[in-house]
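As written, the chains take the letters A, B and C, and residue 1 is the first residue of each chain.
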Amino acid sequence: MNTTSKELPRWADLLLLPLLGLIAALLISAGVIALLGESPWQAMKLLVDGAFGSQESIGYSLFYATNFIFTGLAVAVAFHAGLFNIGAEGQAYIGGLGAGLVCLWFGNWPFWAILPLAILAAAGFGAAWAFLPGWLQAKRGSHVVITTIMFNFIASSLMTYLLVNVLINPGQQSPETREFAATSWMPLANEMLAKIGINFAPTPWNLAFVFAVIASVLVWLFLWRTRWGYALRVAGQNPTAALYAGISPSGMTMLAMVLSGALAGGLGLNELMGSQHRILIDFPGGAGFVGIAVALMGRNHPVGIFLSAVLFGALYQGGSQLTFDLPHINRDMVVVIQGLVILFCGALENMFRRPLTALLGRRAERGSVES
Amino acid sequence: METYTLIVLLLAATIRVATPLLLAALGGMFSERAGVIDLGLEGKMLGAAFAAAAVSAVTGSAWLGLGAGMATSIALSLLLGLACVTYRGNQVVAAMAVNIMVSGLAPTLALAWFNLGGQTPQLDAVGQRFTEITWPWTKAAHAMPFPGLLYSELLSGHNGIVYLAAIAVPSAAWLLYRTRFGLRLRAVGENPQAVDTAGISVNLLRYRAMIISGALCGIAGTYLSVAASSGFVRDMTAGKGYLALAALIFGKWRPYPTLAACLLFAFTDALAVRLQGVSIPVIGVVPVQFILALPYILTVLLLAGFVGRARAPTAIGVAYSKEK
Amino acid sequence: MTADFPAAGRSSALELRGIDKRFGPVHANRAVSFVVRAGSVHGLIGENGAGKSTAMNIVYGFHRADAGEILVNGRPVQIHSSQDAIAAGIGMVHQHFMLVENFTVLENIILGVEGGALLAKGLHRARNELAQLGRDYGLEVPLDAMMEDLPVGIQQRVEILKALYRGADILILDEPTAVLTPREVDQFFLVLRRLRDGGKTMLLVTHKLREIMAITDRVTVMRQGAVAAEVETATTSPRELAEKMVGRAVLLKVDKSPARPGDVLLSMRNIEVRDQHGVVRLKNTSFDLRAGEIVGVAGVAGNGQSELLEVLSGMRQPASGKILFGGSDLVADRLDPHERRKRGLAHVPEDRLRVGVVAGFSAQANLILGYQDRADFNRGIFLDDRSIAADCEQKMADYDVRPRVPALRMSAFSGGNQQKLVIAREVDCDPKVLLVGQPTRGVDIGAIEFIHQRLVALRDAGKGLLLVSAELDEILGLADRILVMAGGEIVGELSREEATEEKIGLLMAGVKGAGA
């Protein structure tokens, strides 16, 4: 019994483990790159340079990071309720539809009027798409992992149908809507910075980044500073204890999924209103799955999620840079790194946790008794 | 007669679409009945599809390709086993990791080795693909539409893997229900502690189940790139692994119902291709996307208990540890 | 009752020599040695946590001893896995059955000894052999029935058959009667006698004195990981065994004045509870709880006590009946546990770790569990961490919780300190009625006394306490009035003055009206 009380110190749990996971993922990636006949060192240099080497690359990195903050938060909130939401991709897709529809329908309104509507629509549509799997889990016992996967595919079919048959810009071949009116575009970071006299290269980095940061703060406040967030975490860690405390686990399941979907919907603000300015096929582009890696590496904590989202944003931006300079490597390599991060920070975590606990655990226990 | 021919051709297409689904779903059946959630079907298939096409392109042998596909898929299964069984990691996370990793790794390797933008070369030399096996007297049978057409189009004229998949169903059922291995496998997915106290290694059983899953997914992936088409292209599986999982659930983790589910799902797929833009009397034009989404919608409805009830293996998703 | 078997006692079937085992800082077995004679029923008795299970798990290959050896039929054997144990002729019937619910009886029995790669032949042979075994020992079971459809008593027979089919000559039975009804217990004892007459050796692990006296030939008493005594059952008495088990005078003395019961605080009327399969768990149960009294609920575990607590606390909905408390019917008003707490109905749950706390949360976060809405824990829409921490520190001081660190994870505290924290939490909100389940399970001696004093103090402050405990000593020591449960109903009520261990025991065994 008492052997289980041997625990890893908090700092190691929060910093050392994810860092070790990242290092392992990068080492294996370096091995793959070497195998392909390229120099891992040069690839790494190109990657870092491509991600942070210029204002353009920083802007792009933060633009991608914005998407990942939203989806990472989405995965994390569900996770705190003991749910694994694999459906952030579909929720972001449908959430984006909401934001997009607002931009299409109210395009002639001023931006300050469109923005709250668009935020509500993005969150609302995403929440609705996540509510169904949440409700099915809570009331019908359908496993949320499977249903969210199914809902990703259903969302994809639905969006293809809408874009091909309903929303398509008439007289156009590719299945996408007409361009949003310019009044509904998210202000770009370089434009806003220019107003306060800072020159920044034009990139898609936009106001949605601020909303992502605000969302992170709100998630933190909600989960750790309010009684409702407390209830949600109790339900996630020990559903029986929740029942004992008069917290409805099924209610918390639905609440968590709704919040999760709403957060995922935020991706539409960044991707559609900030950059694409139209609804198009598969605009989330896998960000929902990156969210899993981001949440796992970020230890499901907003600060960690912000940091790992920036890391992944940089990887995505730096990865596209690789394509130009190394003939044998392209952005797919970043997907490999992403998969490896999920593997080492998530599934194979015990590989590092066990030896680390053996190494550091005892000292922590003694410390706690003394204090 | 026109309609009859159409139906026969539709059913033949159904069989072709169902084959990889069925092989992967049967693979998933083994790991899930042993208590391990197999979301990794997708990644294992994709990895196998790439490895098979690559090896076949280089060596000129479809058989070597099959071997490579199976080896790759089994290796990925073992990686999942390491994470889920040995290190008791989260099975869903592990599978997602493998799926995502493979979806990046396959085109990366393809690009580096063949320099064709993430594809493998066309497999058009003799022996590089598994081609259709034409049964005797098909020509003669073709002349006599009923029942000749059924013989020549539905039974004859598929590649070897299709027939292998057909045999795989009774074989899997036999293995699961008539052998010692099957008994233990089913037990370990229901109550691993009972298996442990009976003096049988839980982890070893789970590894063996996952290796079978890997082998079957390997064949399924090989089918995609070396039999059904001629070469590997990016994201070739396009969700077929998840569809196979849905079929497995829809078939309630049993071999014959799973076969039925695969055929049903494949039929919707074949139908969607046929119905593209076709107007049906009374109903009008059915959106293809709706038909394509039907398998997923049906699975959700089943899971919700609106159509029947699917009872998953009791111990699924939980890593076994003696201490508890 | 202790029928002597003439051939018993000549040779040793199983012998433990100096078995020693540590789990981290816990010394679970200290040089445990005893001999089980062939063809006998040997009892192994001790309190929870005395090391019985550890010793048995070592014999069955689940754990490995740090030191010592095991002898079977006089020869040393190496047992590293359950397979080794089976090979040595040792079978085990676990307290929680090791059965596959959706397998048939036959499939369950042959699992692991299928007799070949194909099932057909093995199944056929097993069918014949099991029919023989069933006739020999009165262990008939329906071989083709699904396990999940069978009653517990039959499931246990399957477990015994499983061991016999594997050729076990020595059967270890771990708390075999915990889940059985009194009728099933009688049948079970019958089977044990037949097995003994057939030359089998049985090791009965239990903490129930009555069973030891009724069925065993010889008994080993364990206390705090070591063997405290080994005696012939015929030459001992329950009192002597009990003293050896606890190592001090039997009846736990709790200093308390006579109760002065006041008004009725809570009344349960005709409550019926069904589980998810529709089986009645609590039938037509009614009782009153008054201010200033402790009502003890005694009974064999699994006879409806847990359901009683759950239905009162609001964790479970009854099929019918009323619970009157604070001027309303808790059932009709569908009040959840949280609402009930607000009205003064607090609950210390039986299974602390699974139900009462969130092990991964800090102590202070656990101390608001169920009270997270309270005004003094919140400031506006936010939780007031400073006041929560201060409150936690205060309670830690009041209840002498160590270490006194509100931010420390709950799982890092010992069982006794966790329990003190739970009790502190539930008592602090000044409830009118406190439901208490197994307050001292897994709690060290020092903490037990402390907790008992607190509970009595609550009573003296005019609260009503409902105490469910598997420890008869605890019930007798604390309760002012005793309800005895069996088969999902209250079968008798005794005042503390008239209650004796024998009377309660008879009631627990289902003999109605024995106390009157």
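FYI, a residue touches a chain if its C-beta (ideal position, glycine included) is under 8 Å from a C-beta of that chain, and two chains touch if they have at least 3 such contacts.
Note that this is a predicted model, so its numbers are computed, not measured.
Enquirer: Compared with chain A, which chain's mean CA position is the farthest off?
Expert: C
Enquirer: Looking at every pair of chains, which two share the most C-beta contact pairs?
Expert: By number of C-beta pairs in contact, the leading chain pair is A-B.
Enquirer: At what distance in angstrom does the C-alpha mean of chain B lie from that of chain A?
Expert: Chain centres of chain A and chain B, defined by C-alpha means, are spaced 30 Å apart.
Enquirer: What whole-Å value do you get for the distance between chain A and chain C if each is reduced to the mean of its CA atoms?
Expert: 46
Enquirer: Can you tell me which residues of chain B touch two or more of the remaining chains?
Expert: Not one residue in chain B touches at least two other chains.
Enquirer: Which residues does chain A have that touch at least 2 chains other than itself?
Expert: Answer for chain A, listing residues that touch two or more other chains: 4.
Enquirer: If I count partner chains per residue in chain C, which residues reach a count of at least 2?
Expert: There are none in chain C.
Enquirer: What residues of chain B sit close enough to touch chain C in their complex?
Expert: Its residues touching chain C are 178-184, 186-187, 190-191, 193-200, 314, 322.
Enquirer: Using the touch rule from the top, collect the residues of chain B that touch chain A in their complex.
Expert: By the definition above, chain B touches chain A via 37, 39, 82-84, 87-94, 96-105, 107-109, 111-112, 115, 118, 239, 242-243, 245-246, 249, 287, 289-290, 292-293, 296-297, 299-300, 303-306, 312, 323.
Enquirer: Inside the complex, what are the residues of chain A that reach chain C?
Expert: 1-7, 221, 225-227, 230-231, 233-234, 237-238, 240-241, 243-248, 365, 368-371
Enquirer: Inside the complex, what are the residues of chain C that reach chain B?
Expert: 60, 62, 81-83, 85-86, 92, 94, 98-103, 107-108, 110-114, 116-120, 122
Enquirer: Can you tell me which positions in chain A touch chain B when the two form their complex?
Expert: 4, 32, 36-37, 84, 86, 136, 140-143, 145-147, 149-151, 153-154, 157-158, 160-161, 164-165, 289, 292-293, 296, 327-330, 332-340, 342-343, 346-351
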